[in-house]
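In order of appearance the chains are A, B, C and D, and numbering begins at 1 in each one.
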């Protein structure tokens, strides 16, 4: 039993890592631009299909798909930002609806191209096995370890970009006070484009890494989208720590509850918990205390 | 003004009279029926989701039915008439299934509908077929315990998949079963029967667990399985969940040598989606596998690949979709082109036989279900099944399996003329 | 002897460890027109926020006619007669000017009473009177987003007037206005002030001189000085605070 | 009559003509299209309720299908219990619904028995949904949860209910839902009942939104904070309108269930809510008429396109939707009404205090 609990704890980490990877892109986009990208899940789906295409047609290892998906989705992000989000500037709810339209189109497009069937994406051979967890004889998949490491790397990279570079400073300036940033000569539109592209690219990477452990199909995105909304809303926006906290609470919560009861009850309780937590902390677990602007 | 209102009331009264008798064909139906009758084709509705969550498997049924229609038409059709397929996409949502079924029946006047995959979709359309007295052919294995006058079930019912499978597993693998399924009626019903069979043959249920439909995270479940140390994991997961479960099972280091997964639902299609290396050694019980050695199957597989691509695989559900199309064509032929639903239901379809890829199959004369073969397969490295056991003969379908309901069956031969109920018999 | 309409005792507001209002004792008398000045970050707007219940104070009392209203919900504070204008003019952009005014009208605040409330001709007359006062009568039918910045300021002042408060808190009513508009606003505020107590937060010293009898200078959440315009302008501490920022008497 | 509706003479004539059109439609359209239109009218009512809370008050709820589906489940269960009591089903057992038999129940649970009477179930369902919305409204709006947080909370609530419905299959039919009961499909009378209720709801919504109350709602949408400092207890307004809208949705759902003959978890989940928001956005939010037009247009287009272009119809729907959002920010009716209103304003020189049909741009949530 103790061993099982320990194993559970470990797998919990991998689920947290998956949640972190799938919600990081959304968190950045929402945090800076206040845009809810309803197509986020479908961006993840496209990322998974990038992996599929590289593997199936070009016989390339999954590792290649990570940068490829980042680039492909980054470009797609630029196109969507330029063609749609920018047209709807200052109308956040329309943006939400328009990206829902993007979601419909992406799903239909992929379905028409590859068919509605499930697709197979394989983990790289180097990561396909499992290793005994030190101190016990429980096996743990290398691939999940890879996901945990990758999640940390992406988190640190994003942190570094946002807090240690000039670009990041500009992004944060835009986030704090868009008008002021514009006055100071920051090209806020370029920043928006860059942020949206970066967030979309991260969604692409998420798609690549979930593909070998989950399923790949045109409709795979919705669940990830819902999960990532929950993460960022629970964690609060504007801080990476919030996203991490949200992912941890949901991931470990779901794992522990599923172990104690079952998967169905686990999911129900986690959703209920989210509703209750947001009730107590309407702005999420972590928020920067902005001086609230006059207009809501 | 006065005139208009009177007209309106008159129209309303007429319409009301029509509406009152709608259960029998109403004026609407009659008016619409008149428009199409002397076509040179036989219209058949194809009602499978082409988009949405269920499309991942349901599209293959659609493909198989279109293939069969193409073959029939290539051989000259039915009594010289071509079969015309009218395709609708119900988008994996029950409300669209019902809407599209109504559309096919009422507007397109199809002779019969080939369609549905999930029980939810079948149950949503059955009342439509019963009310309009139309014919549905349903190709999926399902939890049974159902008999509809207007529906013919060409997929397997539990007794055709489980009765031999469970004792065989107990004998050859071990008695301790861990049951895992998706959270809905089919897995729950199937597991009830599995448990009854386990009890009967000296097996044992160590745990029974359900995952939300569409769930793709099974690490917790796998940890639980490891802790429970069963001999067999009996899975009735469906759809995406199958693929995610097998993949993660392997990734967490459990192989078929340690604890094999046994299932009545995982087909070649899912194995293709998970990669053969994740399925090696796991068991499936089905009526049909792509690897079945019959001349009919060779032809079927070749034709399917030629039409839809070399990398395609065939599976049991689409095989049923394929031969049920032939059942329908043969029934119309038998009735000399009469497409009256009552004739089809009472004379055309019952007893119809066909040399299917899996072997010779037959619609039962009484209960609208289909005599099928039982096989146990073990997945191999090519994503195909090595067939370990084949039943000696075709197996009679029991809508109410004898293990749980020794006295129940249904019989449509005893229906009094004009009545559609009272077909379920309980022998005492 | 005059009575005090508003007093604060030991008022403290701390946000994320920063003390915005620091043990402030402050009062306004019945019928008075008071101007509040101070550099950015002095706590002027925060003081209004605390009085109107936007945030609860960390400590201290806010007495309105002797009753402690600290921590009351916003609608109750409005209910006893305190109404405010925001720093950035805050009107309902997609409602017409007339409709904006109608929202401001006193009474019918509860959901059920607003279901049966109708704007009568008396109300309309009242609205038109106030609109005439704020120079917006001609624009009554236009949507508020078509107004200029200054006109929005007037509209919001008009809405606050329509709500018939005992104490009016006007946060920077002249920003974004031309010199002429500012003068008109000064006249308008003096007109309004006759009947009720008004507190105005303002930077523009020429405007302040036009309207003020008594000025309070806030600095770092504390009262730095209080008195007539002249007294304040000659206060050494005040000059020190403003040194290098903006000279309090350097208005054109 | 004119005084009762608050419509101008020409508007009234148009309205009556539209109603008359809907009234006689089934005489010429056939059973399938009539049933379809009946269902569309249920969606129209759902869209109206969404317009009240989103279009007028600015609350974006992605969980309003809870109340639609909830109403549908009450009626579906009632009709199913009735049907089961009198019909031997194709599943063999009589007296209790098939899904109960499957799940090992041998009799209808005591607490569910009152539902056998549909005249009890219908008001009970509407009141229950009203109560539920009231509770959710209190816990959401009293805490000043707005905008995207509100959207995600309601989304979570919706997912919880969908999951519960699937999980408690002994009482709800689970994933398969409730089917196979006597529906009113094909009944002209019932179609007219639906039409009458739709007209009533439209009238009710107009009453709500053209009074001072409606203007306060719009002020809340425009700037919630400003309204609070004008003494409005914004949360109460939101709770009130949220509850009323939920009850309207519940009625719509009940009629839907009675007409459609199926109730499923998909009627309660978030997809229907999002679809509803789309109808309102396409038609033009905050206009009432727009939400109705939007529902019929989108559903109609979906239905017709999927018949014509089974394979690519959703691609078309997606593109159309984006085009409308980008090119017509006020939605179709919003754009039309805005133009008409401009003309009238210019002609009249002056506008009445309360516009007949309001056009909105940017709710601030």
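Descriptive notes on the structure:
In this text, a contact is a pair of C-beta atoms (placed from the backbone, for glycine too) under 8 Å apart; a residue touches a chain by one contact, two chains touch by 3 or more.
Because the structure is predicted, anything quoted here is derived from the model rather than measured.
Farthest from chain A in terms of Cα centroid separation is C. Distances from each chain's CA mean to the overall CA mean are smallest for chain D. Between chain A and chain D the centroid-to-centroid distance comes to 32 Å (mean Cα coordinates, whole Å). Between the Cα centres of chain C and chain D there is a gap of 43 Å.
Chain B and chain D have Cα centroids separated by 34 Å.
Chain B and chain C, compared by their mean Cα positions, are separated by 73 Å. Shown for chain A are the residues in touch with two or more other chains, namely 107-108, 264, 267, 294-295.
Within chain C, the positions touching two or more other chains are listed as 86, 90.
Across the assembly, chain D contributes residues 163, 167, 223, 225, 311, 314, 362 that each touch 2 or more other chains. Across the interface of their complex, chain B is touched by residues 1, 3-4, 7-8, 11, 14-15, 107-108, 111, 115-120, 122-123, 128-130, 138-141, 143-144, 212-220, 223, 254-255, 258-259, 262-264, 266-267 of chain A. Of all residues in chain A, only 30, 36, 84, 87-88, 90-94, 96-98, 100-105, 107-109, 112, 226, 229-230, 233, 264, 267-268, 271-272, 274-275, 278-279, 282-284, 294-296 touch chain D in the complex they form.
Interface residues of chain D, counted against chain C in their complex, comprise 208, 211-213, 215-216, 218-219, 222-223, 225-233, 236-237, 240, 345, 349-351, 353-355, 358-362.
Residue ranges of chain B in contact with chain D, taken from their complex: 8, 11-12, 14-16, 18-19, 22-23, 26, 28-29, 31-32, 50-51, 87-89, 91, 93-96, 98-99, 102-103, 106-107, 118-120, 123-124, 126-128, 131, 145-149, 183-185, 188-189, 212-213, 400, 408, 410, 421-424, 426. Listing the residues of chain C that touch chain D in their complex gives 52, 54, 73-75, 78-79, 83-84, 86, 90-96, 98-99, 102-104, 108-112, 114-119, 124, 140-141, 145, 159, 163.
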